Every structure is written in C-alpha cells, then in structure tokens.
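You will see two complexes here that share chain A, one where it goes with chain B and one where it goes with chain C.
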Partner chain A sequence: MGLKGLKTKDKHIKNLAKIVGDRSILHHKEDLLAYDCDGFTIHKYLPKAVVFPKDTLEVSRLVSYCSDNRLPFLARGAGTGLSGGAIPVNGEVVISLVKMKKLLSVDYENKRAVVEPGFVNLKLTNSISDKGYYYAPDPSSQYCCTIGGNVAENAGGAHCLKYGVTTNHILGLEVVLPNGEIIEIGNNGIPDSPGYDLLGLITGSEGTLGIVTKITVRILKNPEAKQTVLAYFDDVSDGSHAVSDIISAGIVPAALEMMDKTAIEGVESAAFPVGHPRDIKALLLIEVDGIAAGIDEQISQILDVCKNRNVREVKVAQDEAERARWWANRKTGFGAMGAISPDYLVQDGVIPRSRLPEVLNRINQISEESGLRIANIFHAGDGNLHPLVLFDARIPGQTELALSAGSACLQACADVGGTITGEHGVGIEKREEMRFVFTDEEIQAQTDIREVFNPENLLNAGKLFPSPGRCAEVKKERKEAAL
Partner chain B sequence: MLETVSLSDLTSILSQEQIMIEEENNHPHPLGNGGYITVFPETEEEIQGILQYAGDHGKKITIQGGGTKRGFGGQTEKADILLSLSKYKGIVEHTVGNMTITVKAGTTFQELQTYLAAHRQRVSLDPAWPEYATIGGIINSNESGPKRLGYGSSRDVVIGLRVVYPEGSIIRLGGKVVKNVAGYDMNKLFIGSMGTLAVMSEVILKLRPLAKYESLMLLSFPDGNLEAVRLFATTLLESMMEPVTLELLTPALSEKLTGQRVYTLAMSFEDVESAVHYQEEFVKSISPAQVQLDILPQEKAQAFWDHFYILKPNGALLSTDTKTAATVKIGVTNLDVLHVLKESTLLQDSHNLVVQGHGGLGHGLCQVTLKGASDDILSAIAYLRQFVEQFNGYLIVTHLPYVLRQQVSVWGNPPSYFYLLEGIKAKVDPKRILNDKRFVGGI
Partner chain C sequence: MGTRESDVKEHQACTTISLSNYHWSDPPDENKWADCVHCGMCLESCPTYELTGQEQHSPRGRVHLIKSVAEGKIEVNEQFMDPVFACLDCRACTTACPADVDVGGLIEEARGQIRQAIPLTGYRKTVSNFFLHRLFPHQNRLNTVGGLLKFYQKSGMQKVVRKTGLLKIMPDHLAEMEGIMPELTQPVRKKYKNQNVIKAKGKTKHEVALLTGCVMDVMFSDINEATINVLTRNGNDVVIPQNQTCCGALHVHAGDREMGRKLAKQNIEAFNDAKKIIVNAAGCGCMMKEYAELFREEPEWHEKALSFSAKVEDVSKYLHDTGYEQPQAEIKTRITYHDACHLAHGQGVRQEPRNILLDIPGVEMVHMPNADRCCGSAGIYNITNPEMAGAVLESKMENVPDDVEMISMGNPGCMLQMAMGVQKYGRNQKIVHTVQLLDWAYKKEDGLRGQE
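Take a look at the complex of A and B:
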C-alpha cells in the first residue's frame, strides 16, 4: 500500500509494518493527508502512520506495540464522525478498521448478528432484509459509516425515537484494551452479565477506553406496516406545537423530523428535491410503524393534530417510492447545505421537547447577531436539534464566527436543561462545551473511569473532555485538603 | 453500640426521629444486610453528611430502599450503618410533554406509576412487589420483569442520575433529555451496581404513554410438550406480531396463577385495541390443536400481572414459612429458557423442593423460586448453575438467607476482566464504604 512502498528509516514504522505487512501501512505524507481529519474538517493533524489490521490479533499486537513504545494511537472507521473523534491531534498511529468488514454470523432465531467493526451500517440491513429483518440505528451516513464507529459514538438516527440509539442494540463486544489484552463482554447477547455494565460504558466512549473488534447486535423484524406523513406549516411554532401534541396524544412515532425554511431551501436546491413549497416556514416528516390494524387510527390522529395547528398542507406517502424520496431528501440534508453555502458547521444539541419554540427563537437570534444563516434540520420528536451554521471559510474570520455561533446554540440548549450532543459526540469539537453541562468534579468522575481502562492515556488522548487546567486544580485542592 | 457509631455525631446531621438504634437483644435479621444504627435521611444534604461521617470514621454503610432485595448478595450481617432511603421520596420534576420524570430514589414503584397514570404515562418496567420496591432499588439491582421483551430494562429507561459519591460530592450523570452522548454514558455503570459505587439520590426516567389497550393470552400445554412450545414461540417471534411478553410459566407457578398445573405461555399485547385483537387472532391461527387458549381482556390481564408480581419472596416481609426460600436469576440465550425451566421443574422430585419459575423466550432471563430444606436448596443451586453453564449462561442468587449466602457463591465466578471492575470500584469508593462485598467477586 502507499505509492512509494515501505522506504523509511523510522524503526516504529518498520516494526508496525512487520505486524500488518508492508502493504497495509501508510506513512508517506501524501498518503497520510486523507487521514488528517474526519467529518469535522475545521482542525487537521497528520498521523504518524495509518495501519490496516485484518483481524483482532493484529489489532492487539499493534496496540501492544504502541503501548510498549509509548506511541499515541487511535482507531478509525469510515471517518464520517462529525466531532473530530478520529482526528490524530497528537500525531497518532491511526488503526483503520476498514479491512475488518465481515458479517460474521446471523442468528435469526435469537435475533442477533455478529459483525466486524468495519462493516458498514446499511449493509447489515441489506444483508438480512430478504428474511424480513433490519438493524434499527440509522444515522444519516448509514450508507458508508461503520458499525464500529457507531459503537464508539453511540450513534443515533431518525428512527431512534421509537427504537433507541446504538447502545440499545448492542448485545456483546470484543474489545482490545489499551494494554493489548482482548476481552469479550456481554456474553454474546445473554442479557445482564453479572458485573458493572461495561457494554454500556464502552458504547459511546468515543474510542477512548478500548478498540472494538467484534460486535454482536440485535436485529429486528420489519414492522408489519409503516406510514409516512409530510406536513407543511406557515409558522414554526405551529410546527413545534404539533410535535408536542402528537407525543401527548400517546403516539410513539418511529420518526418525527422537522426542517425549517433555510433547510428546505438547501434540500430543494440539492440532489434530492421533492418539491417542498419554498415559502413554508417548517415541515414535519412523521413516520408511524407497527401492527397494520393500528396504524390508520394513529395516522388520522396525526392528521387531526396538524390541522388543529393550522397546517397548510398535509399528505400521506402513497407508496414506498414516495416514502423513499422523502427520506432521501431528509437524510442528505446536511450535505445539501453545500448547494446554498460554501461551508457549513453542524451542531447537535438536545433539549426537552417542550422548550422547542423558545430555543428555535434563540437560535434565530444567534443567527441575526452573528450575521450567519442557520438552517435547522432535526429530530424533533426527541428534541435533538441540528443547527447548521452556514459560512464561507474563505472570508477571514468567518470560520471563528461560525464556531462561536455553533457554541452559542449549544449554550442555548444547555440553558434550558438540555445537552450539547445527542448523537455526534464531543470529539475535539465540543470539549470545552462539556463545561456547559458538567462541573469539574463531574468531568473528573468520568476521567477517573478512563484511567481504569486507559491509564497512560495513549489511546485517543485529548478527546471528549476539556483541557485539564481547572480539573487539575480541583485535584490539587482536594489533595491539599486531605493533608 | 455507641462504641461503633457515635450517636452524637449523627445527631448533628439528623434529628433523633431519623435514627434508630438496633436493640442488643433483637434477633438478627435472617437476611442480614442490616446495620447497628439505621438512619432515614430526608434530604440530599443529610445523605452527604452520613457518607462524609462514614468516610471520616472508617465506617461501612449498607444501603436499603424498600428492603425487597435484602436477601440479594452481601456477606455482612450488620454494617455500622444501615442507610434507608425509604423516607427520601417524591416526584422532583415532571413535565408532561417531555415524557421524562425526575424522582427521588426512595419512591416506591407503585407510587410512581399511580402518579403517572393520572397523566396517562408510565415507566415501562415491571418489577416484583411494586408497593414495596423503590425505584432506586430496582435500578441498583437491575430488576426486570416479563415485559422486558417489549420495553427493555433499566438501561433503556434511565436517562439521568444524581448520585452521592462516597466522599460526599454530588455527581450528575446523563441528563434530562432522551438522547445524550455528552461524555461517557455513566448511567450504565450505576445501573445494576448493587449500591457499591454511590448512593442514588435522584433518578431521571424516560416515560411511555399508557397502553391504549392491553390483553393477555394464556396458552397452556397440557401434555408438557416443550417442543410444541418451542415451535409455537419461534413461529410467533418470526412473525411481525409485537408481543410485550412471551413468558413461560412452570406448572407449579401456573397453578398459583391459573389453577392449572401445566406449562403456560403468558403473552401480553399492548397497542390500540384493534391492533391487539388482530394479534389475538393471529395467535389463535398459529396455536397447536392440543393447547388450551384463554384471552384475558384488559382488567383481567392487569389483575393477572398484579398477582404475578407478588409471588416471589419479598425481603421486606419476614416469612412465617418454616421452609427456606431462595430465588435465582438465570440468563441464557432466548430459547434455552425451555431447558432451564424444564430442569428446574425436575428439581421438585430430585431435590424435594417446591419450584416456581418463569422465563422469557424472547429475552432469555428466568427467575426460579425454590422452597424446601436448606441443604436441598444449596445443592439445587449448585446443580442448576452447573446446568446453565453448559449453555454459556449464568446463575445469580437474588434471594437467600444470610447464613446460606455464606455457603454459596451468589454471583458465580467473576469475569476474566474482573480487574477492570475492581479498578472502577477502587476509583469511586476507595475506602469501600458502600455495600462492601455485596457484588461480583466480593466488590
């Protein structure tokens, strides 16, 4: 692998190459450039090398080597992460898991499948759909993101309102610990293994506690029926209230998505337009699934709610093709912003659903104050907002302005009792914003746990937690108090 | 016992009414896990004060909610302090439209559900003894019931926790929103931790709407043919139906609940009424000819479950039965539940025990209650554990008198990565103040 072959005097590169083979390592600068960031492109750092192990044993040997030689290292999947979790900020050895991409087994009787971490999310559903099964977590990047990456980020998606996020679907993991040891947790899907729930802890730990090398996931039977509704509103707050009304009516939709005017402008200018009116202020995309006999009643309730909230137009998808078009339009929403802006920054705050109208107002204000347009595409049903700050990086100062507008949106979420990330992770992007929701002591409670797994902090250091300045002071004070 | 815990130290934290000193001549509690002094904090500050006192004076604390799980784990008959959360209760915050609630840990499950029912909402857990069990105890012991098949367990329901760390600091984990990946998912560490890490103060839960309608179908298999049960269950699970429970009851348990001593499958359906009836029809269409099928409509279904939840031994009620009682929880792969329940039933004759058990064919967890002579119970537990290990399963003992707990391994062998669990305990509770030796491997 690599254009020039293995020509190096660096002993570490040579030794790493011995583990994976000369063709499975990149170390020339021009080859490394593709790995200097992930889906968060604002900060870039070159890795020391990129290695492509083919199995767990190779991962373990690579990790042991890095650990013994005090080389910082991190794991990477498809690199679609939006918070910079796979960016080698310390010049890490990047352990790419894309070669470990097998579907190892499917057990329909017990509704579970075992995959390698590099297996692409959507491929799982595609591999089992002929038997009427699917894998529920569906991040918008599911056509290319890997399940290993989903585990690291505890990825969500449009349908987690009813079905939960990645952590609710992970039954077992094989993990290479930062010392190279291989452990199996979760007992292949037998629930409630005695002991602290490491399965739950490692899922969503952003690759800072270990490297996942095998994953047992829950697969679900397709629902008997599903129906999808599209509703157009002339007023954002009518749309937001409709969201609350649907939930209050005791309906648990499979998905409940919202887009505002700017977002609609974006998706209608991009690759998958579906003819949304350009002058509406908000649209809702609502999906209900389950037993066929119960769906019509819920759909008619949803239509009533929308009418009571002054909907301009509301329609039910007539067939699977129409439903698929609506979803393609929604799921490519982030990228669609490229059609109306040279650059964009996506944020990921979560709020209690009842605070939706006021937070949307506040985001509007932030847009006006910064002079940057902000589009909103979000999972309204679970209060997970995705403000997209539109900017032009070529204009000096706009990147910084966009970052600070994004941060202000997160502050607005935290101010109403929400949080700074619902599914994209903290990475390097939101490290400092962790202070919006956690005290120094609470952050330290988390880094204490990291120390148990990753005592040398060689694995994906500098992620997830704010710079330790103030934490260290707290520690020092505690020590002094103890003396 | 003034030499053990100084009463005057405690009275600076609590009022006299909140402190109960164990009388010297009292019989020890048969389930252990008691304390020389019992304290009943009513505020978080009081909990902090008690923990700081214990930390400063090298005291050990046992934590208790409603006491239903007093016989679950633990190698201590009496700790220095028994910290009861039974007076630390109530709803802290509930915004109906958000479908989340913040509640104090000592609130009983029944109080919580009754409060929520007025808003047509509920917590989608179904623990035993809801009038006694507290939400904090349910989460700390990771208790779940048959409806786990449809709604998951504590780890799917808890979105935030407010805990008091052993040195007295308040740590918030998770938050008030249903999706949250800010930092580690620390909630998971505390769910099922048996109170060995911190004292749970407040719990934030994701709610579900009350079912619009529910029914229960009881399918009894008079000839005891478990192959027929398997065939039926796989057909149902392969279908697009959405049973909320698929719980197999052993003949002895079925007799208690239905009057018939036969293997019985209890299937709940919860949805809008038309969807429930549709699923009932489907079940009828795939039922084998020789089974008896009863459909219990909403109220009768609820009454069945209400009865079901109070059949297990309850650590909060001193039993008058002269026989010893034990309950074990067994985890295996879904359909292996059939083997476990069959083998458990055989213990009736081989070990001269009364055996009532049930297990979920869709989730793989069984609960088996054994009653009889102590020696027979110990030998049955050892036998069953060996049996389920053949299926890569595990057995833990969730109820057993204190004396017998010293003769049996409650948790079985610790996992290969046990040092990580020990490491977590050492970071969070280095002085081992809380529920010492109550958990796996003596944590």
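Take a look at the complex of A and C:
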C-alpha cells in the first residue's frame, strides 16, 4: 500500500512530498502509468508525479509550489472523462482530489448540500435518498465519477432533458486559483447574485481556470411518481420521429434515450443484458416523472405516439426491479462496447432534434466509408448524440481511422446547425473540431478569458482550444513580434 | 537468398510478442485485457482503491499495468508487484464491469509471472512455503492439528478459532442451541475412510461427490459433517473420493501456478467418476470452476478441466436447485448474511443461501449493507498483507448490524476473518456456515420428534 520511503533525488518530488506526506505522492514510472490517460485512451502521457492532497489548504500549497517553480499541473478526479481533460499532455503534476471525498453538510430545508470534489456523484443521492431527496445530474458514469469532475466538464446525463445539466445545480464553489489563492464564488444558494455569472464560467471550464475544492449543489425532492417505457422499432427513422412527436405533444420526459442495432448488440453481449431483440433497428427508453396525477395520461400518450410510428413492441416497466435493469443496461452501455470491440472512441455531438434521422443516416454513411462499425447510444430527447466508433488499436492505422471517422461525425452535427460537445467536454480530443463551430476571433475571445485566471497557462494547458500552431494565438504572437 | 519483404510482414505478430516483458510460459492473456476500455466503472467496487484512492490499486489500473508489461513499457519488478499482489482477488470488479473483463484471471496470471521473476525471500517465503507446500497439499499433516494450533496461538488467533465453534464456547443467549450443536468431530475424510458411499436417508434421488477441502476438514469438520447430513437428508448418496486434495486456490492466488496445476490434475482424476461435485467452501468452488484457466497451454487437460468444472456446484445452490425439505423446528435467532466474494462475485450465488436461511422457521434476517464487500480474508492475504486486510475488515465490521446474533456465510476463510473481526471490535456475533444452521434446524426437529 502506497510507498515505502520516497527514494528519489528529484527536488520537486521531495518538496511536493513535504506538502502532502511521503505516502500521498506517486513518482515511480510503474505507478504513474495508471495515470497516463483517463476514459479517453487514444493519447497517453506520463505525469511527473501524482499527489493526493487531503484538504483545500494542501491544494493551495501544491498549486503555489507548482506556480512558483513553473511546473505544469492539473486536477483529476476519478479519471472517467471521455475527452482526455485529465491527461497530462505536458507531463503535469497531477493533483488527484479523490481523497477529498467527504459529504460536508446537507441542508434539507434549503435543499442544498456541500461536498468535497472527490465525492462520487451517486453517493450523494444514496446519502440523502432515505429522506426522499436526490441529486439530479446523472452521467452514466455516476457510479464512480466525482462531482468535482462533473463541475469541470459540466456533465450531463440521461435525466438532464428535464432537469438540466450540472451547471443548473451548482450554487456555490470554493476554487483554488492557478496562483494558489483560495476564493469563494456563488452566494450559498441565494439565486442570481449581482455581477458576472462566475459559477457558470467555472462550471464546464474543463479545469483550465482553477481547481474546485468545495461545491454547494442543489438537491431535489424525489418525484412523487415515475414510469418507464421501453419501445422497439424496426426502423431508425420511426424511432427518431417518435422522439420528436413525444416532445411536440407537450410532454417533457425526465429521460428519452435511444440505442441503435449495434449498440444493442453491445449491451446484450455484455454484463447487464435485458433480452432486447437483436434484430430491431432502434429502441427508445422513455421515463416520465412528477406528481402522480398526470403520469398515466402521459404514458398513454407516449404509447399512442409509438404505435403511430409503427413500433414493434412497447412496454411499461412493471416494477422498480425491471426499471433498474433497463437503466443498468443503458448506463453501462459505453463500457459494454468492450464485449464487442477492443477499443472505442465516443463522440458527443448535439443537433436540433428534428434533424435526427438525416444525421443518423450520415453517421451510417461514415461508418460504411471508414469500414468501422459505429454504435449509437444517446440522449435523443435533447439531440445529444453519442456515436461510438469501434476499432482495434492493435491494427496499424485503425486508431487514425477512428479519429477521422469521429471527427466526420462532429462535422455532420455542425453542418446541421449543431455543436461538437453536449456533455463530455472538448479536452484534447475535440480541440481542432472547435473550429467547426467557432471562428478564430471567437476562440481568441475565450483564450483571453483564460488568461485572466490562468495567465501563465500552467494549469491544464493544451486543453479545450486548438493548438496555437494553427490558431489565432499564433497570429497574436506574430503581431506582437512585428511591433 | 534474402528475406522477401512480404515474409517480414507476416511475422509482424512475432515482433510484437518480443516486446513483451513476460518471459515465462502461461503469461497474462491478451484477450482478457482487450475487453477493457478503461471506462472506470470498476473503481468504486474495489476495496483497495477505496482505501488508497490510487489507481494502480484499482482494477482498471492493474489491468493497464499488466498490459503495459506486455507492451514492453515496464518490467516485471517490485514496483509492478506491489499493486498486483495488493489485489484481494475478490472479483467485485468482475461484477461491476460492463464488459465482463476477467480481472481476477489476469491478476492470477500476472502473479505467476512475478513469482517466477522475483522468487520469495525471508519471512514471506517461510510463511508461503509452510502453508502452500508443506501443509495444504498434505492431508495427513493437516490432520496433525498441533502445528497449526501453535501457529494460531502465536498469531493471537486462538480466540478466533474458539469463536468459530471449534472449541464450542458460545454466548449465553445461544445456550439453547448447545444441545443440538455437533460435537467436535474428526475430519470426515478420516471418519468415512472405509465407507464407499454414505447412503441417503430414505430414497436415493442423486449421487454426489463431496470436496472435503484442506482447512475445512480439519478446522471445520463439523461443517463438513453438517454438509453430509443435509445432503443425505435430502436424498443424496454422498461419496468422498479418498485421493482428492487441496483445490489449489491459495497456490494460484499466490502465483504458484505450477503447484496449482499439480493439485488440479489430482482432483480432476480423483473426481473422474462423479456426476456432481459439491463444495461448501466458496473459494474452492470458484477455483475448481476455473481449472481450465490453468491449462491454456495443455489442450488435453484443458478439455478435462472444462468437463470437471461443469460438475462443480456450491452446496447452497445445489440444495436450492434440486429441492430440500423445509425444516419444521423453530430456530429463534436474528441473523445477517455475508456474501463470500468467491460465491457472489466468483460464482454468482447470492440469493440461494439467503433463501435457505429464510426457509428456517424463526430465523429473522437483517440486511447487511454492502454484504458483498470483501472481508479482507482473501486466502492468506490477511497474513501477507495485514495492513490492508485490517483496513478492509474494519469497514466490513462497520456494516455488520448491531442487533444480530449470528453472521452466516459460505466460506471458511471468511469465517476466520469475520470471527477475528468480531473479536477485535468487541462484538458478540457467532459465525456460522449456512448449511450448519439448516443442519441444526433438522437436528432440532428430529430431537423434538424423539421427545414426542
């Protein structure tokens, strides 16, 4: 367990160890390898060291030390991000926040809770469910991802269609700035403070503006009633149209998920199968919740919509156990791809709902052109697509092929007026694709904001924006050189 | 004649293999790690990740490191050994994994490589040799309990053994049961040495063979006796093949795959005539269901192992599936159930033992939160990694409900570890095996009938 003595000559390692203690730092190559990537595995880089602070003060001291000594650094939670936001591309000192994993307080009266960044998403709901409360944002990785990471990525989830993504649930943050200063933002749950919306800026900044060390979140009362429907379609566009029809009917489902044939093959071959027919082209998983009175009517409307769209079979979950099985099958969908493919690359485009059929067609074309299978598991209700490009990194050339197929999927989303990420973040994966949706000037405007917080760019550099070699930053440098 | 370019291409696979830093036969299986997409769903299931927060001590981290050795990125050295041997091999990650990655199998294969690259020295070598080579494979030595008890006294575990019922010291409020508790019995293999078949009571429905186990038969022969009673009562003729041996699980967990293979072969032959092989120790059952893993490079034995494994069944699942008589006598007690890792995660047996307990009149079951979390026993892990094992045990004991009188489970390693927990944290629960409780209920029923 941990290290037996430090055994190093590196003065930075020794000094960092003085801050956190010998047992809370990793620096041997064998240990560091476990930190060379996160949930995005295509690019791998070794960190300089991994440190495990136990409180905000230690984070601040670590950050100050890195800043003073010009050591690049970044924050990491459970490392389940899908765009490479926690990958140490510059050989960073990784500040792992997993030991800061306490639930600090719950205030039921004002419906808020305070957590440390390493607290696991699902544990919050589990800790307050006996009082009838829950935390709404539910990324599929909620079994293991941390709320700190959710803030960095502005994580979404199946139930964000009705309840909003992470940013809609953040009421206050304690942040260690890249110079080591500790600040608090947000007014502890009093909505709409005057001045700029700094909470909104930090949430989703992908760890480039500061390190979040304490989070005040909104908690919600459990809905009085909940019903879940599963619908099987023989035709993808029937399924897609059903999605639009449900929303047009004025229903706001808590969740409206879709899986295509390849995705179904994956989840049914993996650890949590539920017996979906293998020959259907699409399935919808629809959940409605709220006060008990209107639920049955909404369900019968949904059943009607599905029938009008030639559904093969549609059923309502008979009990909580069945509902839980359906969701476990859906939520482990990405990992399940391991059962049918050695590697996968997941994309995260967002499109207007009405364009679903044509974009799914285009993705199908991309699959045929590249010769790589593409599975689709996604939040259909909010038009958030997740094409999973299946490949085998051991076959030379397939990784590059997968990357370009993934990029083409995002281009397809941008082409219909959509965007390149809904909830997974840009990270290192989609830096270049930022150009599909932003001009050089728009990117420049954003890096200017980063400079206010992170002027030395030591914190998580090389993420979120295209590399300067090809963007406005270069023009700026040239301009400055000319002056 | 020079080498043609097209020929070189065909040999690309060989070039890749030569990068690997696994230098012995039977290396970790590439197809096992190819299933892992590094999603992280395993993290929270892992007791060592929970305690350390360090990813090299997590399932996906370990898989990543095992793969890295094969890719030539790191060597098989002490730094690699640490995370691989700190794994409890509890298989909780296998349950959590969406892609069914066989982390346990990879860990055991990696340990095989490590043990050959870095032979044990000093204290660990002594302990390991004592248990794995000089004790477990030799039933006659095991039967010489003296040496074993001496070890237990030295390590402060004597009281633990008492708690488990070997010396029959019970809390007062359970004194009622004393009359139906089995006497300290001799090992069943010895006892039934001259009996080819222990006949079913009443009509014979099935014939089964029983693995008596190495530790089980010496320390817990009363559980073996209870198993035989329960099986015969429910229409099973029981055979105890005399040339059976230790299942080899402890050896395979420790990386001694050669000894594991030797023991496996002996058992495969010993149980050749059996139609069903009943096991009452989860760790043994899980190992015996995975014998084929040991023979990836011996096709003939691989085949034999597969058909052997298909016959292996845990006693609780067997009783549950083939039917058993519901006991009529009442055993009034509050009880909780602990899922042995190699029963729940290793064999998928969760509900069957609970159902058996619930079928006993008077038994009130109290749910243990995180019941399928490892207790830290993990074979001889509690001896080789005492610090981590102690921490795992502490969090296990926090989950044992306050007001229960007994903790039931289906594995002898867990029984010792949990008994130690009860002792260490000043609790007063009695540790019982699931079939023991069923046997007591039957005995009480017979006793009452006798009185009438």
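Details
Everything that follows uses one rule, which is that the second predicted complex is superposed on the first by the 465 of 483 C-alpha atoms of A that agree within 3 Å, B and C clash if a C-alpha of one lies under 4 Å from a C-alpha of the other, contacts with A are read in each partner's own complex, and residues count from 1 in each chain.
Here is the rule we use: contacts are C-beta pairs under 8 Å (C-beta built on N, C-alpha and C of every residue); 3 or more make two chains touch, one makes a residue touch a chain.
Computed from a predicted model, the values in this text were never measured in an experiment.
Room for both chain B and chain C is found when the two structures are superposed via chain A, with no clash between them. Within the superposed three-chain model, A:T262 lies out of touch with both chain B and chain C [touch as defined at top].
By the touch criterion defined above, A:S407 reaches neither chain B nor chain C.
In the superposed pair of complexes, A:A270 makes contact with chain C only, with no contact to chain B.
Once chain A of one complex is fitted onto chain A of the other, the partner contacts of A:I449 are limited to chain B, with no touch recorded for chain C.
Greater residue coverage of chain A by touch, when chain B is weighed against chain C, goes to B. Legend: residue contacts after superposition of the two complexes on their common chain; A:N150 is shown touching neither chain B nor chain C. By the document's definition of touching, of the two partners only chain C reaches A:A339; chain B does not. For the combined arrangement built by superposing the two complexes, chain A sits at the apex of an angle of 140 degrees to chain B and chain C, based on C-alpha centres and given in steps of 10.
Taking the two complexes aligned on chain A, the least Cα distance separating chain B from chain C is 20 Å. Residues 1-2, 26, 28-31, 33-35, 37-39, 41, 50, 52, 78-80, 96, 98-99, 101, 118, 120, 141, 143-145, 270-272, 332-339, 342-344, 392, 394 of chain A are the ones touching chain C in the complex.
Chain B meets chain A in the complex at residues 95-100, 120, 142, 144, 152-153, 155-156, 165, 169, 171-173, 175-189, 191-193, 208-210, 212, 234, 237-242, 271-272, 274-275, 277-279, 329, 331-335, 363-365, 392-394, 396, 411-412, 414-418, 420-421, 423-424, 427-428, 439-440.
Here chain A touches chain B in the complex through residues 108-111, 132, 153-154, 156, 160, 164-165, 167-168, 177, 181, 183-185, 187-201, 203-205, 221-224, 244, 247-248, 250-252, 290-294, 297-298, 350-354, 379, 382-384, 417-426, 430, 434, 437-439, 441-443, 445-446, 448-453, 464-465, going by the rule given at the top. Within the complex, the chain C residues that touch chain A are 16, 34-44, 48, 51-58, 61, 64-65, 68, 73-74, 77, 79-80, 82-83, 86, 95-101, 385, 387-388.
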